[in-house]
Amino acid sequence: MGSVGAKEVPVLLDAEGRRIDGRRLDELRPLTIRAGPLRQADGSAFVEWGQNKVMAAVYGPREVHPRHLQQSTKAVIQCRYNMAAFSVDERKRPGLDRRSQEISKVIAEAFESVVFAEEFPRTSIDVYIEVLQANAGTRCAGLVAGSVALADAGIPMVDLLPAVAVGKVGGAIALDLKKEEDNFGEADLPMALVPQSGRLVLLQMEGHMTEPELAQALELGVGGCRTIYEKMKAALRDRYSVAPVAAEAS
Amino acid sequence: MSEEVTAEILQTHILDLAAEGRRLDGRGPDEYRKVSIEPGFVVTADGSALVRLGETMALAGIKLEVGKPFPDTPNAGVLTTNAELIPLSSPTFEPGPPQPGAIEVSRVVDRAIRAAETVDLTALCVTPAEKCWTCFVDVHILGHDGNLIDAALLASVAALSGATIPLKRFGVGEADRPLEIHHRPIECTFVRLGDTIVVDPTFDEEHAAQGRLTVATDEIGRVVAMQKGLVGAFSPDDIKSVVRRAFVHGDRLRAMIGRNGR
Amino acid sequence: MGSVGAKEVPVLLDAEGRRIDGRRLDELRPLTIRAGPLRQADGSAFVEWGQNKVMAAVYGPREVHPRHLQQSTKAVIQCRYNMAAFSVDERKRPGLDRRSQEISKVIAEAFESVVFAEEFPRTSIDVYIEVLQANAGTRCAGLVAGSVALADAGIPMVDLLPAVAVGKVGGAIALDLKKEEDNFGEADLPMALVPQSGRLVLLQMEGHMTEPELAQALELGVGGCRTIYEKMKAALRDRYSVAPVAAEAS
Amino acid sequence: MSEEVTAEILQTHILDLAAEGRRLDGRGPDEYRKVSIEPGFVVTADGSALVRLGETMALAGIKLEVGKPFPDTPNAGVLTTNAELIPLSSPTFEPGPPQPGAIEVSRVVDRAIRAAETVDLTALCVTPAEKCWTCFVDVHILGHDGNLIDAALLASVAALSGATIPLKRFGVGEADRPLEIHHRPIECTFVRLGDTIVVDPTFDEEHAAQGRLTVATDEIGRVVAMQKGLVGAFSPDDIKSVVRRAFVHGDRLRAMIGRNGR
Amino acid sequence: MGSVGAKEVPVLLDAEGRRIDGRRLDELRPLTIRAGPLRQADGSAFVEWGQNKVMAAVYGPREVHPRHLQQSTKAVIQCRYNMAAFSVDERKRPGLDRRSQEISKVIAEAFESVVFAEEFPRTSIDVYIEVLQANAGTRCAGLVAGSVALADAGIPMVDLLPAVAVGKVGGAIALDLKKEEDNFGEADLPMALVPQSGRLVLLQMEGHMTEPELAQALELGVGGCRTIYEKMKAALRDRYSVAPVAAEAS
Amino acid sequence: MSEEVTAEILQTHILDLAAEGRRLDGRGPDEYRKVSIEPGFVVTADGSALVRLGETMALAGIKLEVGKPFPDTPNAGVLTTNAELIPLSSPTFEPGPPQPGAIEVSRVVDRAIRAAETVDLTALCVTPAEKCWTCFVDVHILGHDGNLIDAALLASVAALSGATIPLKRFGVGEADRPLEIHHRPIECTFVRLGDTIVVDPTFDEEHAAQGRLTVATDEIGRVVAMQKGLVGAFSPDDIKSVVRRAFVHGDRLRAMIGRNGR
């Protein structure tokens, strides 16, 4: 958002309301989801979304590490969102920076809002999200991948968690920002929806919007999440139909 | 185990009260605690303010140093926000590297300051691509009775509002000059307690809460940052109502900082 | 001490024996102590001393973290002396540097010399000292604040621990150095006294003094500590008179 | 305890099979798993390749940046290799700083790349003693079913083979140009299972093994790196025989990368 | 190996096949080993080898730190190979870098290949190797020192572990490289031998060699190890003859 | 538990002996252990010395590098002291980051070297505000039988006394020249055992002690550093008497270093 003092700002919205990649304001980037690509994990998913590539794996319920985080009445949901060094234009130093730690925290809280954690006291459910190639919206791609991986692992949940970012670009509210829109747009608002209840379990915002714009953004985002939701369910159906026995066992 | 039982009894009690629109400390759902702002608390800082929300206490100090602009923003200064949740402030904090909670406070405060264009970063450029001012906003939490984000941003904005650029100390100019402030974002935090959403939660209310929502607004009617935290969920209608309330509280708190904060 | 190669040295002592801020050689800077300013802590104190501002909090006796430090016959006294980033002229990076770690160690050893630690086996008594504004003598201000906070927390002790630094400035032995005196003077000698026994439990020295100067410095410091001792007791009396019930309970 | 018992039973079974020249997954002692190489997997990298050896999966990404040569090699660029054994890839990896196992993979891969003169480092010098290209080889292990070293080097060499130097991005030239590759080292790893020495071990075979031996060879008949690992021992004759086999596998795998790797 | 782009390469082998320090290709540098120089340790050794000075100490079998590394059926062998800041030409930052961590790992695995670890379940045997002065071949010097220290500590082992590096220098295979040969030579191949079985438990290689060269290097190295083996046994004999009672007790 | 009991019995025994003016190793209260100083022990260092106090062993190495002066002392070089209490030296030390004990040794040694003006830092300035020598004093503790501070400073001063500035290695001059030493501070440490205050404590005496006091003196009659450590207390008269004794021991130990230390 608002790269103060930056060199040049591209035109983000043309006269016909088309965006930098030709999309309409309410149009998602291409999204493909594959459930179960990793055999070592209890559950996994690979998401390609626009130019994002994100892998997620779930381990658990299993013993808690470190021990003192163990809770006697429920499972601990731990999340690690990490970016590969080569996933961004300027090489990122390996390891979790502050941004990754914050995102790990809000994603863990989102998942904990839907997982039936009381069913697995004294255990840990670990969600690992690796961003291999990034182009804006990686935390939403991570939520989608992590959520499908949790389902793939057979973890009981209220619902899947579709997620998408809405933003403000060239003065208009737009769905699913890509990198240039995120860098030079006016606002970015990622969210994750519980489709069944219509409530949001992740919501962040940066930039500036008026109250009416915000209302519009929430509506656009919820609609986007519902589209993504269908793709998530389809990915899980594909997984089960390909390997029914393995899915059963997981 | 007995601690867990006590915690559960307290949580139930807080939720029961909330269902009747009441709170443990007697406040109404939309009532903020008593706020005090003491600017200039620390003379070694280039700007500072001590803020109290009830027993929550945040001390912000500003330091400016001459540094180098980032390659991708050659005409702008650099702003860095850091919140320290030191173990002095709460029996629940332990010494060690910053925990996710402290990082979250730092980043949410940072986003609000940045998105509201609180500080004119281009005015902190000295020589493009070569020399600029780096503005450090350091927040020391001295007392934790809930709602650290609001306290930290309020202290930060009050400290920035009264800050000077130490031109003399760095041999960059003859006389110091005030740091120019564009906008004054105010963060306002709410938690869900059952069907009730209350403002300015205490420590105990945060532990009983089913979701936390922070909304930062500025004085020209913009929402500049939001953060949902903790386990729990909010509907779009909840969010819109919370945003409305955040504007009202924001205007009132902003007035306490005053025009020049000094 | 002895800033070798530094640019300019101010005049620290005038012809009439007055110091840079007008004080006599045996004069303390203004000192105010407030007991119990923090409600979350088991005990606390705030000290303003010259241009120092120091807050201290005590937690405990409580469980020991990390566990392996637990001792079966007595409480562990842990101390963390920390400086806020903005407490000094040049911004300090957050976190404990080597100086802070050394000071934390000697302060903890000083407190352990007076606390009846055997009364609380297998527990920890944690003293947190935060320097908010620094102007020489912060470890002594921290000792005074920490000691009052321990008393405020109801921890049984042999005695309170008044502390002060004596130094050598412009060739003379002077009580309670301020920043310019510490930076450009010839020696700095912080000490903490057990008033009842007349013994010192903290003593450090840096700079250079002859044996007679050292003897003089010890005498001056012990006298200064006795003055400070009265202010510490007064602060605790004020605390009890304002809130007798809370004090009783602590 | 039950886990330890299971592990011991599995180990015994693997060793019993090996005594008859058989393996758990049906391979022969000198049979490598199915290998696939997917170059250009990551477009944000200056070169990349995803390699699979059975269920083992390594993704290498190359990034080049303008930096400063080391004082003792003023006419050469800088090469840095780092392998991340992220917890996503195996139930046995935990979050935290790199463990000795990850460091070993990084260093053995680095030595092979360096000793084989894979990249012409002098061609990465821009201005002697002042400016050069730093070439980062980052390997992300995505799936761990044994033999990480072979997978990591194969991915690295394939990624380097298709890499470009981003002259435009750093304003050093008009057009990007391909990174020049001299040699293509291939690492081939073996483990001892009793008297049998098998190639390309799985995770379970590594845990049953009595010694591991890695040999890196290049296309002009040189051994360029070796590493014995794990608890166990090899006789000089074992080593000579392993080297022979490593050349055969190396040539076959090298052919999969192709001449220009793109 | 192969300092690409370096300034000047010295002549490593003269016309008569003499090396930079006058040695023949199959000649070791002077080596002295002293067993038991440290009284605090359960076992210790000091090795001077060419211009290397390496001290090793062994502690254990003792309690495992950190606890979670404990194994129920055998001792854990932990090794820490560390270089003093002043041991090399350009000062090394204190602490373990990646090179030291890798070497610590392969040395630990070498020792674990010969120690009867099952005799001491749930314990740790800790081998500390400190390089005080370095001149190529420090890991081999560390293996020799550590191995003698293990014997000095009375740890039961299959055999001692002599070690040496063989390299390729000026086109020829040479025993026991010194610094200039290591820096400017074509290959370096450190190894550690179990003399009794004739097998290697440590083997690394960097540089380039043909298959016949490698075979020659292995032969040369094994021979070198056998010479070193005799010196190791002599050092232990000296130790026992000087202090038979202490040796008995250890 | 049995370890604790043993420790307590040993402590009582040491205190009982001290009450009669005796010590476990037969020394008198003011008797120092046998001291040996081996200068030039490490040829890779620019100066070095191995010091033994009984079984306590400290190896100091000096390294000089070309660096940049601190902004507030543009005409002076930089001096850095670091002591490593490596786990090789004692069953009580564990691997990991420096513990408070190691930091205390480093800092007390550093203060003595600095306050005594051991090294003429202005002579280490090459170009004011731009280029200077950084002098690293690294102390490796090889054996810990108590009194690490005295051993570490003695080794450091002996190493500095024989050090050369490597002008050739850094291309700053034609020939190396000796590092100039102004003063030679000696630290002398005492512990209280009941009413007796003994010099040069062993490991066991330190654990039995009721307070430790270190006094650094130089050859022109100045006290240049002091440090009280451990749990315990000293009266002003104790301190004055300890200072007197420290001068006597200091002069004797200083003579062992010799005029030029080489």
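A, B, C, D, E and F label the chains in the order they appear, each numbered from 1.
Here, contacts are C-beta pairs under 8 Å (C-beta built on N, C-alpha and C of every residue); 3 or more make two chains touch, one makes a residue touch a chain.
Because the structure is a prediction, the values reported are computed rather than measured.
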{"item": "Fewest touching-chain hops separating subunit D from subunit E", "value": "1"}
{"item": "Set of chains whose contacts include both subunit D and subunit C", "value": "none"}
{"item": "Relative orientation of copies subunit B and subunit F, as a Cα rotation angle in degrees, nearest 5", "value": "120"}
{"item": "B-C against C-F, pair bridged by the larger set of C-beta contacts", "value": "C-F"}
{"item": "Centre-to-centre distance between subunit C and subunit A (centres being mean Cα positions), rounded to whole Å", "value": "51"}
{"item": "Separation of mean Cα positions, subunit F and subunit A [Å, integer]", "value": "57"}
{"item": "Residues of subunit C whose C-beta touches two or more other chains", "value": "none"}
{"item": "Residues of subunit B whose C-beta touches two or more other chains", "value": "none"}
{"item": "Chain-level touch network, classified as line, ring, star, complete or other", "value": "ring"}
{"item": "Ordered ring members, subunit A first, subunit D second", "value": "A, D, E, F, C, B"}
{"item": "Touching residues on subunit F, where the partner in the complex is subunit C", "value": "1, 4, 69, 72-76, 98, 100-101, 103-104, 106-107, 111, 114-117, 121-122, 125, 211, 213, 218, 221-236, 238-240, 243-244, 247"}
{"item": "Subunit C partner contacts - residues on subunit B that touch it in the complex", "value": "41-46, 48, 55, 57, 59, 61-63, 65, 82, 84, 86-91, 94-95, 97, 136, 138, 140, 142-145, 169"}
{"item": "Parts of subunit A lying in touch with subunit B, wherever the complex brings them together", "value": "1-7, 72-73, 98-99, 101-102, 104-106, 109, 112-113, 187, 189, 194, 197-211, 214-215, 218-219, 222"}
{"item": "Residues of subunit E touching subunit F in the complex", "value": "38-41, 51, 53, 55-57, 59, 62, 65, 80, 82, 84-91, 94, 126, 128-130, 132-135"}
